[in-house]
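Paired with subunit B in one complex and with subunit C in the other, subunit A is shared by the two complexes that follow.
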Partner chain A sequence: MNQVIATRSDITAKAWPFYGLLISLFVLLVGLFFAALCLGSVPLSIQAVWQALLSSTPQNSESNILWQLRLPRSLLAIVVGVHFALAGLILQAVIRNPLADPSILGVNGGASLAIVLCLLVFDYVQLQVFNLSDSRFNFVWLPAIALLGGTLATALVLKLSWRQQLQPNQLALNGVAIGAVLNALVMWAILAWGGNRTETSLIWLAGSLYGRDFSQLLLLLPWTFIGVFGCFLLLKHLSILQLDSDAAHTLGLNVKRWRLTSLFIAVALAASATAVTGPLGFVGLIVPHFAKVLLNRLGLGISLPHLMVVCMLAGATLTLAADIASRTLISPLEIPTGTLTTLMGIPILLLLIRRQS
Partner chain B sequence: MVSSMIPRLAASPFGLALIGTCFLVLSALLSVSIGDYQLSLLEIWSALISPSESLASFVIWELRMPRLLLAMIAGAALGVAGAITQAVTQNELASPSLVGVSSGAALAIVLVLVFTNLSSHYHFVAGIVGGSVAMSITLWLSWKQKLDPVNLILSGLCISLFCAAATTLLLISVSTDTRGLFYWLLGSVANRTWQHVSLLAPIALLSLILCAFLARPLTILQLDTEVIKSIGGQVKRWRIQALALTVILTSATVSVTGPIAFVGLVAPHICRTLLPKHLAYEYRFVLCGSALCGALLVSISDLLANYQEIPVGILCVLFGGPSLVWLIQKQYKQGAL
Partner chain C sequence: MLNADQIALHYQHKPVLQDLSVSIARHQITAIVGPNGSGKSTLLKLLGGLIQPSEGTISLARKPLHKWRPKELAKKLALLGQNPQAPGGMLVRQLVGHGRFPYLGLFNTLSQHDQHAIAWALKKTQLEELQHKPLQHLSGGERQRAWLAMALAQQSEILLLDEPTTYLDLGHQFQLLDLLKQLQVHEHKTIVMVLHDINQASQFSDRIIALKNGSIVADGTPQQVVTEQIIKQLFNIDVSVVPQRYGKVIKPLCLPLETQNQLTSNSALPLRSAAI
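Showing the complex of A and B:
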């Protein structure tokens, strides 16, 4: 919380190590991307991948695997990673709470509940009113519905912890309690009315990138552009919002308005990603923490613009790596990516809680 | 006359126990009679006193009775385990599921189920090992913070989440069909037989009797540690005994019903609210009351859950989660945290 905002001269003096960090992260990401294309239950050689990438018309099974399965999936992993990492970073800056994360604040739970309820109601109406047995749900609406659910859940958690000035531990406790209730409601809905959607819903709830194609990527991209663009527009306000609200007031900022705007963008980023891949727990907690440690170790001041860029790259790298692990560790079966990120995130959460006290 | 009796009854612990037992009997009657095959009171009575080959008697003795008994025993065990945990950690937010015992036990049981084919008696042993390990980690993590209430619960929740994620991982990575296990993990007493009852009942009853001996030490443990030591109390021994009983009660329940969360948190609180103020920390009454409240909670929840065939664990989370939030608010308002 006591992050020093580096002055401009600091930043220019330390520009080179920073660009070095960016370049190495980028190289890592590209390397992982090619690894993601090569590895899997059917291993492909790098030449085969390269040839299949260059010729977009599918001729053989290799290029089919690449274009139908691995390419959309890996790209989606990257995009979703950016979503969750940025959401986590904004939440932590705005709430001034290092424990903030979309999965802790109830965004994921609220989004899941909204989506599941919406799908079930839609199925029901279609069956009863129009007598159609196959679902023709228009998935374009899913991110918006998720946004609605996520916003409501987050508002509830924030409201509950408002009186204690959003004290970190209490906020986390409230968030986890609300999350448990939302999860139970989702389970209830699925088990009682799920019908033939039960199995797919359960897989989706664990947070998985299995079987995603380009249509889902296209669904998410507008939200990515809005979110990332919004983040960079908000940069100036966010660095002031990191200060306590009195100081922010003195600097002439309409604290309430910009706080709400930033929160909304964070929720939108997390909820839209949840709509496509299901909740990938704790990515928003791990990545900003990791980015701060990285910047500190390299002796670079933690300035918000730097942090944001590093978070985007690191988030993409993390989810891509988690996705590779999730489909190669016990291939040909798959581990849900969300489970893996949760397992990684909890030790870090414990560390942060420890630091709080 | 009745209207003047009830307040007077509710003022004394024995009257409260009487009222609680009445409710318990009522919920038992309801859960025996309601279902796909409706039974009248008369039919229940005749099937209870003279079990015959009739359908009513089969439904009662083989289908509904084990389920009801399991719900009650599990509720009582979890309620008492919760009361003990709260007494030992001196933390009103603590409960077996919030300090990680339940999910640790569940993880260990799933491990045993997946990698070995031991009989269900060993599941209980595995549950004890897993539960103790998970609880020790939680206590160790918040030891440096002097078991600060919020810190303890947050650490426990983290351990629980971790164990739950690891359990999911395990279930998915084995290729056999795990749908039954999935239901078990949500906490359910559906489709249980007398075999399950005979697994849980002896252990649970034995530990509950042992708990009765701990009532006085638990009451004393509410005092400051230094004070207890000066009057010759064995703080460490009592704590370890009490926690061991918590782990045994919880693991035995988990191995049969799966992790049912929040009962251990809510039951002692309901009991304390109902008890007269000066008895609210007298553990003779708190333990009995928590057992009664727990049994009531789980059996009524199961009655509601049975209506839609959803696992009872889900309903318990639905009323337990909001109560946790409410308790947090209350404690912060009182400045206790």
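Showing the complex of A and C:
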């Protein structure tokens, strides 16, 4: 009996730092969210923001800025952060390497190429066949097209690694190679046939949240729900996949099947987010890394359920912070958000590589 | 209960194991011994269903391994590989908790019963005090025990272990083997392990299977297998086998003899001239 009580108190003692971490991350996220609404080329006071949020019908320019620009953009930053962070976390568990990132499996490259080709072909057909110069492309299809491209690229990477039983290092090497080829093809397509889309395509490729409204957010949300729900269902299997494949096999896990399922969910999360904001480089690498460091510091150990919750909050916080920085640092100009996250990601990538070798 | 019937395994057209039949008896400790590259680990992996034989079948309770549902098989049979890997930040208790995976459905989490099984495995391996430590802070021996605890938490009747003593010092080697013996006696586990040390195999097992070049050279009690002829045949060394008392039982102990080369005093000369 005594022993039972001892373990109980032990568990609660362990749980507090975790909830503390969650609460502080949440407070940080909410604070940043209001900062994101206030800051910008037209600064708004917190009272003005509050009033504009409460009034449902937009009357003045302030509520216009808020409802048309800052609110959708900030919410989108949060959702996209969750997407990339979870995708990175899943990939790292499956590939069993902290270097894994959606870009590693060629997801970003595949999604980008599919989107760019689709837009260019659509424009071309519209211009040549229907003789229309303004594009009427329906953007609802973008996440699906990105998923198709991302899945095909990943499938190619998997096919190349299949004979080695999907060995993690083989997978990563093939992914990097395919990703490089795909990115080169994207650049070629844009520069050769971009036409009047060259500039917007390049901005999109750098990963940006500029000019996003609620339609894009609504476009993405179904994917978010499916992805997050899938993640929570996968937790136990992912946790086992972190062990070597022999150990996972002897625990009764169908390793190949669950590797594929997990990879597919990661691809869906990353590709759908890429479709809306372009590739926000390295978010999937930075966030799980920081989440692990935080949990380790608190002596909590790295359990996937904990990691997943922390990653969702931290991912949202990071992309939101990056978005604020991207539009305030050299205001009124904008730095693409993806460029900022990439700048943050590179040192961490180098650190991880050094630690591995 | 676990039977391999005339199995063969080819790897890239080269035979690794050929025409091999073994039947693992209930509640016994069976040791697999043999020189490097004799196919010991491969045989263990085949018995654990990790790889499929090219010919023949392996069956548990008369049902071929590949026809078992993976989770059902994992409830009957646990295998601990030679160099298992987990993320370094994983806590001991988390790792051991993974042993309960075969018992969990898609939606449920660890039940009271699962927690008891985990606590029991931690107690048996004396890891209670280390359970909240991350694996990366453990010594090699402690880590080995943590993995064994995971296999124990599976609560399978059969335990397959691939060189469980490799990374341990002598004291921990004997602690581990002693624990396995206790598990056999008190928990009625059936244990099959690959061992390097022929004397440990002799001391702790009821039966020894000796492999060389992918075939069985000898299969029987330690008294039948640990003989001067068979050791010579396996490892190409001359030994003297003497009876040794361990508690109530007497088991053969083999002592390597000096080889012909070492006896001839001039044997070092060619080496020295080569060095000059």
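By our rule, the second predicted complex is superposed on the first by the 320 of 357 C-alpha atoms of A that agree within 3 Å, B and C clash if a C-alpha of one lies under 4 Å from a C-alpha of the other, contacts with A are read in each partner's own complex, and residues count from 1 in each chain.
Simple rule for what comes next: a contact is a pair of C-beta atoms (placed from the backbone, for glycine too) under 8 Å apart; a residue touches a chain by one contact, two chains touch by 3 or more.
The shown structure was predicted, so the numbers you read here are calculated from the model rather than taken from an experiment.
Asks: Between subunit B (first) and subunit C (second), which does A:Ser262 come into contact with in this model arrangement: first, second, both, or neither?
Replies: neither
Asks: Using the superposition on chain A described above, determine whether A:Thr277 touches subunit B (first), subunit C (second), both, or neither.
Replies: The answer is neither, since A:Thr277 touches no partner chain.
Asks: Let me test your reading of the model: by the given contact rule, A:Asn97 touches which partner, first (subunit B), second (subunit C), both or neither?
Replies: After superposition on chain A, A:Asn97 lies in contact with neither partner.
Asks: Taking the superposition as given, does A:Thr317 touch the first partner, subunit B, the second, subunit C, both, or neither?
Replies: neither
Asks: With both complexes overlaid on chain A, does A:Ile240 touch subunit B (first), subunit C (second), both or neither?
Replies: Only subunit C; A:Ile240 stays clear of subunit B.
Asks: Touch test for A:Thr342: subunit B only (first), subunit C only (second), both, or neither?
Replies: A:Thr342: touches subunit B, not subunit C.
Asks: According to the contact criterion defined above, which of subunit B and subunit C contacts more residues of subunit A?
Replies: It is B that touches the greater number of subunit A residues.
Asks: Name the contact category of A:Thr154: first (subunit B only), second (subunit C only), both, or neither.
Replies: In the superposition, A:Thr154 contacts neither subunit B nor subunit C.
Asks: Same subunit A residues contacting subunit B and subunit C, which ones?
Replies: Touching subunit B and subunit C on subunit A: no residues.
Asks: Note which residues of subunit A are touching subunit C in the complex, please.
Replies: It comes out as residues 7, 10, 14, 96, 233, 236, 239-240, 242-244, 246-247, 249-254, 292, 295-296, 299, 301-303.
Asks: Please give the residue numbers of subunit B that touch subunit A in the complex, ascending.
Replies: By the definition above, subunit B touches subunit A via 141, 144-145, 148, 150-151, 153-155, 157-158, 161-162, 165-166, 168-169, 172-173, 175, 182, 186, 261, 308-311, 314-315, 317-318, 320-322, 324-325, 328-329, 332-333, 337.
Asks: Mind pulling up the subunit C residues that touch subunit A in the complex?
Replies: 45, 48-50, 69-75, 77-81, 83-87, 89-91, 94, 98-99, 101-102, 104, 106-107, 119, 132, 134, 147, 151, 154
Asks: Where on subunit A does subunit B make contact in their complex?
Replies: Residue positions touching the partner: 160, 163-164, 169-170, 172-174, 176-178, 180-181, 183-185, 187-188, 191-192, 202, 206, 281, 330, 333-336, 339-340, 342-343, 346-347, 349-350, 353-354, 356-357.
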